[in-house]
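Two complexes, one shared chain (chain A), two partners (chain B, chain C).
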Partner chain A sequence: MKSINWTRNEVLVFGVILAFCALAAASDPNFLSIPTLTDLMRNSIVLGIFAVGAMVVLVSGGIDVSFTAVAAFAMYATTVLLRDVAPDMGWPVAFVVATAIGATLGAFNGIFIALFGLPTLIVTLGTLSLFRGALLTFIGTAQISNLPSGMRDFSRWMMLRGTDADGNFYSLHWAFAFLVVIVILTWFILNRTMLGRAIYAIGGAPESARRIGINVKRTQMFIYVYVGALAGLAGIMHASLARISNPQDLVGLELSVIAAVVLGGARLTGGVGTLTGTLLGVALIVLVRNSLIVVGVPSVWQSVVIGALILLGTGLPAYQALRAQRRAA
Partner chain B sequence: MSWLKTPEGRLAVIAVAVFVLMAALNPDRFLSPQNLTSMAFQFPEFAILALAVAVAMLTGGIDLSVVGTANLAAVIAATIMATFAGDGAGIGIVVAASAVALVVGLVAGLFNGVLVATFGLPPILATLGTGLIYTGFALVITGGPAVLGLPPAAAWIGNSTILGIPTPLIVFALLAAGIGWLMMRTAFGLKTRMFGANPLAARYAAMDTGRVLLKVYALCGTLSAIAGLIVMSRANSAKADYGSSYLLLAVLIAVLGGVNPYGGYGRIIGVVLAVLSMQFLSSGLNLMGVTNFAREMIWGALLIAVMLINTLASRRTS
Partner chain C sequence: MSTSTAPLVTLQGVTKRYAAITALDQVDLTIRAGEAVCLAGENGSGKSTLIKVLVGVEQPSEGRVLFDGVAQARITPTAATQAGVQVIFQDFSLFPNLSVWENIAMTAERATGTRLVHRARARARAREVLDRVGVALDLNARVETLPVAHKQLVAICRALASDARLIIMDEPTTALTEREVARLLDLIRRLKADGVAVLFVSHKLAEVLEVCEHVVVLRNGAKVAEGDASEFDAASLTRAMTGRDVAETPPAPLDAAAAPLLSVDHLGKNGVFNDVSFTLHVGEVLGVAGLLGSGRTSLAKALFGLAKPDQGRVMLDGVDVPLGDPIAASGRGIGYVPEDRLTEGLFLEQSIARNIAVGRFDDHASGGILNLRALWAEAADWLGRLSVKAPDPQAPVRSLSGGNQQRVVLARWMARQPRVLILNGPSVGVDVGSKAEIHGIIADLAARGLGVIVISDDLPELLGTCHRILVMKAGVITDEVEGGAGVSEEDLSHRLAS
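Showing the complex of A and B:
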């Protein structure tokens, strides 16, 4: 039997989640219930898709802060397009259009990063305000609450619904299945294809990757297009679930998403990161964002708690690496 | 014309070009005394934040907590002033509260330095985390709304003029000159840049890299607190989320100013020129009725364009 490595981020985050739930259950017996679980799952959908994309970028040794702007752009542009051009189209059309817009904006990032070799943080900081500014300048600033019929249909598409023993209503949206599919697809790419090996390789050591014949530029291009596509999909899903398309939404979430991914053990230096860790990180961030009050901490403390978790989640592995390095030296 | 080949030379040309262009596009209003004065009052606060980010970037790091630190320092100072100021002008309490704010900035910066130097956290993540924590503390202290009711003396640093020159501009000029001297003319500055150029070589050269990093981040924190005090004074209040767009702007200005985000190269004069270009552009577009959103878009495009030019130019020379 493999022994558990207690210092792994995944184990650490899982422990914190368990402790959080135990505390919450102690102060509110209703916490451990199906409605709480389905709420958690529903709130993890958009954040989870973002996090999967952000993780792929971190694994490749980059960082992307523009994905929320990509998502907002794809979401709102698609809503406007559908409303004005094809109001009767079904939701699959909306999803395909939003994903395509996201992929295009991702390719824009990719051109500067892969082709010109600019630092990923600077490029995506730039495109964050570029995409957001372009959206609000050229497409519109007013939120659309009267969504096209396709998106409205999607919002009503429940996987299961019911009431638990205490009479509390719960439901789970089919959008959760999208998250599951995206996780499986990303797992397959990262762990079962040469492309995935290449992504880990360029994150671990770009020069070595180049010398063993990996096409670094093409791999990076794929990564940013993929992340853009995921962001576009997450964006349109966000609007459909919230039943409102607000162009000023989503931007500002990017640091929380990166926090979730980093908590899950992905390293900023690249080459390290797992989907399990990422999903655990998302679960923890969603718990903190929604249920801090249940464990008796007022919600104004939310950003302090998330900040402290980031420091803890990155600090422990960094400190261990530093000590190992000093012992070796 | 060899100076044209340096990032600073190109920036000087850009700054002058933007100034002339904006003056030409807004013939009556851009060069008016009102506009020039209002520009001089507007830019020092984010310019000082940009100085802080630039100093962190010289080490190859970054400080994403500058706005959080500024707001925390300002909120604490404002709370002290609002609580203890009587009916008078309250000069004494303003000075004391400002001193507390500077200490808060120093401690916040030192904490960043400890995380980066002692615990080995990547600066992006360390300051991302502490930025959230400092903003969070400011939120906890205020509970959300702005702190109001500052004594009249608190308005001095942000709104007065000395010999006709706006005080914030004087503060910025002194800080820019001081940091320029510190980074280019002292052993500490040399060590900072050496560490940024090659951390391993710096350690092998028997440099106490931990101390250098601690000092750098403490300096960043103190600068942020000064910026926070100016924002507080100009707004006559303090709030946990003032100036949230300044973080991007500060990073943008530092990079625009030719500071290498990987560390080792950067000149304060470049940062100053970048700040001036941004302010000319901002005010000019504002006079032409361009919205904040369009301005945000232009900033983003500018950041990428300048990065591209600098990268392509350095590739050609090497």
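Showing the complex of A and C:
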């Protein structure tokens, strides 16, 4: 029964990744190397954490576009707080603070969505603007390049480093382990806890979920707090890795992240989405962003290629499903 | 089956009132283990209220509910579940995005209070139930990929996985083919042998009669007939459900010299209806009696152009009406009031006045600019003429009662001054009083010289409003009878069901 199902996005995206790599390797023999791989992994960290959160929301039948603003807020507020109040604290403190700020802002989304039952897109569009505006108005607009010592320490914390046979330097940051842990944790929640199954149930048929006694409001509250916490963590990690905390950063990335998740097979209508697909979607987007030039496509074509991939990657399975449905009818 | 033990569920004098409306009136009902009971009734007869009371969603205003002989002070959904009462809703309430095993086991797993997914246990539970009902379904299949009949099986299995002792099935056969219905009945027999009770709730019960012991018929919230299933057949069930509610005055006799208005000649659509011919005269009310699935609605849609017939022609005043073109049909003066006015006939969130005016834009526009003043005046005029009881013409149509909503649909058509009006189920879902008034409006329309076609399975309604009634069965007109006192209701129900 383990035949390959070509209507699945995961398969399609994986195929496109392989094709892209083959093309890249053909035009640049140096493409298939450890430095390329570690570069891709490093560039996947923040996008990947965002995508995991966005996927959880999509699975529950909602959509969150505010997570980048949450991340920027948590990142910059934490940096300012550390700089002004406790400049000598270690990075774990910064991470905990940023995660907590993110969770709080997520709870703010959750209140409007779960308690007042407002549409998720409307609420998060509102809070996207609100959080960003509040950050720039009340906390500051100047970027901080002289990060608190804790965050600087984190930026130097490498899992492995070395030089490959051709003498190219490579390194992998420990931040990648965070992504791995988050993916495992989220996988466990979604697939091994009743809470996770409730998220899928709500995304599939909210009324049926209510009828079998699932507490829809509480589940939604959890989702938005969790996504907010992930966004806060991703934000502080982004600043630490980039060694700069820029309040103007991150916002604008949200659609690329959602695109990656949708590319990986999550349905905008809810109920369907896998972490494998999400990570593949992220990998493809990162690959296109970083290595388009290698296969001879000018980087100005980046958005065009990403857009085409989204149309192809989500349109083809949808079209095949439609045809299957017509045949069945 | 032993009668010494207390019945599974007993209702005693259950009454439910919503403000001024009595939805259920002194209903008694007993269901024993291993028994199948039919609860029959038209739309609005109180069936759904009764289900809601049984599962604890609504509390009865009067009367008692007993589970296993124990009177329940207050029925909560939890108490109902513990007593083994499970409802299979018409939409099945499944999770289309999840697998078969998860759908079957989820409710039961949740009941254990576990926080973690016990995959092996849940799958074993699902497998066990599927074996018990003797069906082979792929445990891993996503439910959305299953055909309707299999979805229903999954819903039944889910109820059984939660130790259901009484399964309430809401309209179980509507979406099934004949063969699937037969399979469902087989399954029900096995469940009954297992001691599970089944309550069928439907307006289309003839086909499940053979597995039932007992039949209860509701009409306007009250129990109007009850007895052993062997005492009922399709005709008597139909009669009990649709029986005469209001004293009807037969229509004024039709002028024998009335000119032909609309003639339908050998109209047919493959697999739906066949060789339909009739002539509608000026001022005539013509009934089409047919049960669900007889092709009555398809015929109505074909006359109005919503469906394209394969053969035949439709002529108005001796001139062909283009087939399959609703805009041309309405341009020629044919109007159609659909059965499901909520989804097909009205813009529920829009105002009453806008709902009437929407059909009149063309006539009140000059150079693309609407003459709003004339438009609103006309809408208000028709609201008054059809005596729509509306607090405010700007209020959304949703806020009106069923009868008044139907009047709004009529008002929209009347504003266009049609020649022929086709009414599909004109009094479905309206209360008895409004029903009589709608019948009055129909008589009035005919008196103005319109030709009216009334399509309905409400026999007293047809007998009371129509000059002639065509009986439609399996897509064919099988009979033509005189309306008024010309034929008895019983006779008509026999012709319809036999």
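Everything that follows uses one rule, which is that the second predicted complex is superposed on the first by the 321 of 329 C-alpha atoms of A that agree within 3 Å, B and C clash if a C-alpha of one lies under 4 Å from a C-alpha of the other, contacts with A are read in each partner's own complex, and residues count from 1 in each chain.
Assume a contact is a pair of C-beta atoms (placed from the backbone, for glycine too) under 8 Å apart; a residue touches a chain by one contact, two chains touch by 3 or more.
Remember, it's a predicted structure, so these values are computed and weren't measured experimentally.
For the composite obtained by overlaying on chain A, chain B and chain C can both be accommodated side by side without a clash.
Once chain A of one complex is fitted onto chain A of the other, the partner contacts of A:Ala308 are limited to chain B, with no touch recorded for chain C. Using the contact criterion defined above for the overlaid structures, shared-chain residue A:Arg197 touches chain C, although it does not reach chain B. Of the two partner chains placed by superposition, only chain B is touched by A:Tyr319; chain C is not. Of the two partners chain B and chain C, it is B that touches the larger number of chain A residues. In the superposition on chain A, contact of A:Thr127 is made with chain B only, not with chain C.
After superposing the two complexes on chain A, the shortest C-alpha to C-alpha distance between chain B and chain C comes to 5 Å.
Only residues 63, 112, 116-119, 121-123, 125-134, 136-137, 141, 255, 258-259, 262, 268-269, 300-311, 314-315, 318-319, 321-322 of chain A touch chain B when the two sit together in their complex. Only residues 77, 89, 93-98, 102, 106-107, 109-110, 114-117, 147 of chain C touch chain A when the two sit together in their complex. Only residues 62, 115, 119-122, 124-126, 128-133, 135-137, 139-140, 143-144, 248, 251-252, 255, 261-262, 291, 293-301, 303-304, 307-308, 311-312 of chain B touch chain A when the two sit together in their complex. By the touch rule above, chain A contacts chain C in their complex via residues 191-197, 200-201, 203-205, 207-209, 211-214, 267, 270-272, 328.
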